[in-house]
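Here's the structure, in structure tokens; my notes come after.
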Amino acid sequence: MIIELKSSVSEARAQELAQQAKAFCIHYDGRWTLITSSSLKALDPSFESETERFTVLADDIQLASRVWKKETRTITLPNGIALGGSTGNTILIGGPCSVESEEQIEQSAQLMVELGVSTLRAGAYKPRTSPYTFQGMGLDGLKLLAKMREKYGLNVITEVRDATHIEEIIEHSDIIQIGAKSMYDHGILKRCGKTQKPVLLKRGFGTTLQEFVQCAEFILSGGNPNVILCERGLRTFETKTRFTLDLCGAAWMKEYTNLPIILDPSHAIGYAYGVPDLARACCAMGVDGLLIEVHPNPKVAKSDASQQLNHDEFRALAGSLKAVAQAVGKRIA
Amino acid sequence: MIIELKSSVSEARAQELAQQAKAFCIHYDGRWTLITSSSLKALDPSFESETERFTVLADDIQLASRVWKKETRTITLPNGIALGGSTGNTILIGGPCSVESEEQIEQSAQLMVELGVSTLRAGAYKPRTSPYTFQGMGLDGLKLLAKMREKYGLNVITEVRDATHIEEIIEHSDIIQIGAKSMYDHGILKRCGKTQKPVLLKRGFGTTLQEFVQCAEFILSGGNPNVILCERGLRTFETKTRFTLDLCGAAWMKEYTNLPIILDPSHAIGYAYGVPDLARACCAMGVDGLLIEVHPNPKVAKSDASQQLNHDEFRALAGSLKAVAQAVGKRIA
Amino acid sequence: MIIELKSSVSEARAQELAQQAKAFCIHYDGRWTLITSSSLKALDPSFESETERFTVLADDIQLASRVWKKETRTITLPNGIALGGSTGNTILIGGPCSVESEEQIEQSAQLMVELGVSTLRAGAYKPRTSPYTFQGMGLDGLKLLAKMREKYGLNVITEVRDATHIEEIIEHSDIIQIGAKSMYDHGILKRCGKTQKPVLLKRGFGTTLQEFVQCAEFILSGGNPNVILCERGLRTFETKTRFTLDLCGAAWMKEYTNLPIILDPSHAIGYAYGVPDLARACCAMGVDGLLIEVHPNPKVAKSDASQQLNHDEFRALAGSLKAVAQAVGKRIA
Amino acid sequence: MIIELKSSVSEARAQELAQQAKAFCIHYDGRWTLITSSSLKALDPSFESETERFTVLADDIQLASRVWKKETRTITLPNGIALGGSTGNTILIGGPCSVESEEQIEQSAQLMVELGVSTLRAGAYKPRTSPYTFQGMGLDGLKLLAKMREKYGLNVITEVRDATHIEEIIEHSDIIQIGAKSMYDHGILKRCGKTQKPVLLKRGFGTTLQEFVQCAEFILSGGNPNVILCERGLRTFETKTRFTLDLCGAAWMKEYTNLPIILDPSHAIGYAYGVPDLARACCAMGVDGLLIEVHPNPKVAKSDASQQLNHDEFRALAGSLKAVAQAVGKRIA
């Protein structure tokens, strides 16, 4: 149950009531709001006089539910671009899988600037499956990303791998990316609830929609309203492609949650040949953003070489996305 | 291996060579063509003088492979509409899950005519999961479909459930649909190889792309070149939607096979709310066709009630598909 | 709903009542029994005087449900061996993937006789994934199997691939095997409902338990009470093994259905190295039978070469199974 | 590649060589050993004089591979019980899902003592899917577990949820459990490589065997040889049971890795009714241990109520496991 207290209720009083109801207490949309377990179905009468509105939810998808809040949340990024709400924007996020060198990430940043793309992505802490391969540049990579932000005015998004370096990520990025393998990490989720920076939460490849949105609830109930859901492919029996992009799931999220949605076709298929068609399909879904991997020279990339577009392919794709976005009443930003 | 014989080679001689090579023998593109197992890697020298060209394939995807035939096949439907090849067409196929009555199927037919949609779909033999529910109208349903074809000049597509009524389906339909649950049925596949009617082969929900295209090879090697691949959703762990539409797989088919592709978002998600967004996504993939379920009154439908659009929803969707098709250089037909 | 009529009700009267209730009508355990859709929750009062007992089921798992019939069905095979019920038997079924020659199948038959194994398996119509490989010996293979039955007194089980040769299979086998790829085939299922021969129904690798048992209902509601469920592995994302044997599903079937259960570890893992351990695990589940592939010379087998045990491996396994069966209160037969 | 240096090579020299080869350097079986990427296929000649033996592995499963080390590793627990190697032991680990109170966990401990079970399990940091439910007792729970160890001489195993409390887990447990949702956590994996305490690594429900064993390599290459693999069920399309226990995968691990294997039937099926049969099946696989959930009063359990056995059910199961273990040449410890 979500209990929106009257705007006259003070923080101290809200905390008191939260303790009484064993509830989370967040400040949202100008008022203190309590969230209890969804198993609570009736408002305690002693709360009535201080409650503006309360909403009973069917399950523990509460703050993310359209039943509680109908409109998609609007999230504004540091460089002024917004997504969600009534913005009509489909944000394009491009960049390489990993930061590999200053030269490489600067070429990527310049491509984004050239194409008017607002946001640069790249990983510094890579969640590799093997200990015997490139693990990312770590803090040095984060500093290069921050440098690109300063120099080119781009938003920067990068992934947190585990809770041991979450502070570094919060410090050096504009959007915190929680990767598919880290999305259950309570250490990360709870810390992200204590910042106001936007968080892009990727769905695990073995994660149900219910579990996925419940992970977002860990951040939302911690007090950070700026969560973006990202679908990036499920692990299925099909192995000709690396994963199976779940656009049925994206349709479900759009129907039932109030969080902006970004789709990642690059990680889903895992092969560059299919990325343009898939990216256009994602765009035609009318979602809030796209995450596309692009590398100055994919063949020598230190990770995910097979799925990154080269610069010319990305230029061609960015052009065609504008037409598709327009056909469904959206605008690439 | 695919061995294209010289155009001077007679049918009798081709059959003789086929027997010698333990090969299938089909007449394709004006010449006799032999197909042996892909494990054969070198041409028997005694075949050389009568062979125009031979192609060694890596696995038993042979006649369907772009390695052998680069361009997508063109398939022309009875009412003159063509798909694949250089037609630029994205065929829209609409209609109810099942034929339920003459009145109902006629309303569906009229909607297709109103919107300029070329092809009407509906099932007569339903592969239901329970013996205790509606099983389809059978032959009576087929006759109603044939009547609609006569009256309205629509192509008609309907599903064969098992080999016992394959002759009826061939007689009464313009496109033979092999459903997801019947796609391994050798009785059906082999019979479909002996007709020239177009066959829409649906991918099983537990079927790999490799197996799927190999099922198409059963039809192609039988002598029928007119096979269309249809992706309609995989069975995954996600149950908020009925199935998971595999657009990564569609991208693979487009890259590696020479067969036209039709996508079925209705069966994939299983809920009407998501069908318009998904259909637009499918259209933006640049595929050859879309299969959409629409019913005059979905609430009372005898099967798949939850996923069928009503007529107004279908009208709105058909309009928006034109814009998306245009944005990717295609035309709704 | 299952309506068991009084034993005084004649067949003619039962058929009349069935028509009135739009119900299936079968003769089971000495009385006529009607089965309607499970959506019917209350008995029509006009049926009361002729009804002995009626059972409302939650869904369309009806005749297979333990709610209706508590005890596992007993099925007696032609050579007198029985499984299910209170027999305590775990039937061992062995033999090659395919009949390849008289010499080969006779060696297999002799191994079964040597080890006191009651039932010989082998395929004649193989549901291969490629048209370009060995498709089975067909009717010639069936005749060789029948010859082994005559000569050695073994039960013979073989697979039906599609409805076009179901009569041949019924004629030449003691247990009709419906394979994983054919289990939705209404032509086969309905025909099997009209015989009394035992039917071993394999679960499709993409089939839910609900759907699987509902397929059994097609046979049971047709009038054949002798259905055995066989789990042989699901298709999952794991590809180091061919399939994933679902023993959780086997536990569910044992708890909720009244049908005997046979497990097939050979097809599940697809590699001989794991078959003995898995077969012992299956045996320890306390199920009614095991299906194990064994070939005189697996290396040259024309199908499924990697998963077949050789004769010595099978001898060793058969010995160890006796000990495991005894540990769980069962007996290998 | 794994390079075992001569026993005469000092630590300082080994570290020098490791740096030169960009290799991990661990002390294993009495000698310094370097591990490079598996892409290195030939030994640098300058290493030859100091190298005892080197092994080229096909992929990044290296230290865990039977190609390198044939025998299963032996791991000795604090109370003297050992598993793996030639011990013949199948360790039984029992206990509730969560520590809920001193009274509850003491009842569990006493049951283990009564039955001669060596190891007690219970969670203190629970990786719940919802923020609005019981999250575990945290450090207080760990202290209760440690108290049971002191009082009853049991080994204690408990789960680390994320990297923020890994030090607490290492301090208070005898076996560190890395749960299915945390198994990709580099913060945890790398820290576990720096202790010598046994680590039970659970396979993620969406994790391939290749990825799973590679996660173990993170710990092994850090210098901790005491890793146990635990299979606890995959997430598949089947939802009648919570997960699908992958015994085919267990057979693969047994064949190809040198790590002891423990199976967890309780989490796999998620329902108590099936746990005894499944546990016996697991035992018949001849693995090194079983993890079974048991609660003094499952109905009131604060987490996973449906899958925990009660004390009487556990007693009956423990008895029958002895017979099955004996049938396959193992002993319950």
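Letters A, B, C and D mark the chains as written, and numbering starts fresh at 1 in each.
Operating definition for what follows: contacts are C-beta pairs under 8 Å (C-beta built on N, C-alpha and C of every residue); 3 or more make two chains touch, one makes a residue touch a chain.
Worth saying up front: this structure is predicted, and the values here are computed from it rather than measured.
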Of C-D and A-C, pair with higher C-beta contact tally: C-D
Chain whose mean Cα position lies farthest from chain A: C
Chain pair equivalent in interface to A-D, over half of contacts matched, among A-B, B-C or B-D: B-C
Where chain C and chain D are represented by their mean Cα positions, the distance between them in whole Å: 37
Where chain B and chain C are represented by their mean Cα positions, the distance between them in whole Å: 33
Centroid distance [mean C-alpha coordinates] between chain C and chain A, Å: 49
Set of chain C residues in contact with two or more other chains: 206, 208, 210, 235-237, 239
Chain B to chain A touching residues, read off their complex: 206, 208-210, 233-234, 236-241, 243-252, 254-255, 268-269, 273-274, 277-278, 280-286, 320, 323-324, 326-328
Footprint of chain C on chain A - complex, ascending: 235-237, 239
Of all residues in chain D, those that touch chain A in their complex: 24, 35-38, 60, 62, 125, 127, 129-133, 161-164, 181-182, 184-188, 204-208, 210-211, 214-215, 217-218, 221-222, 235
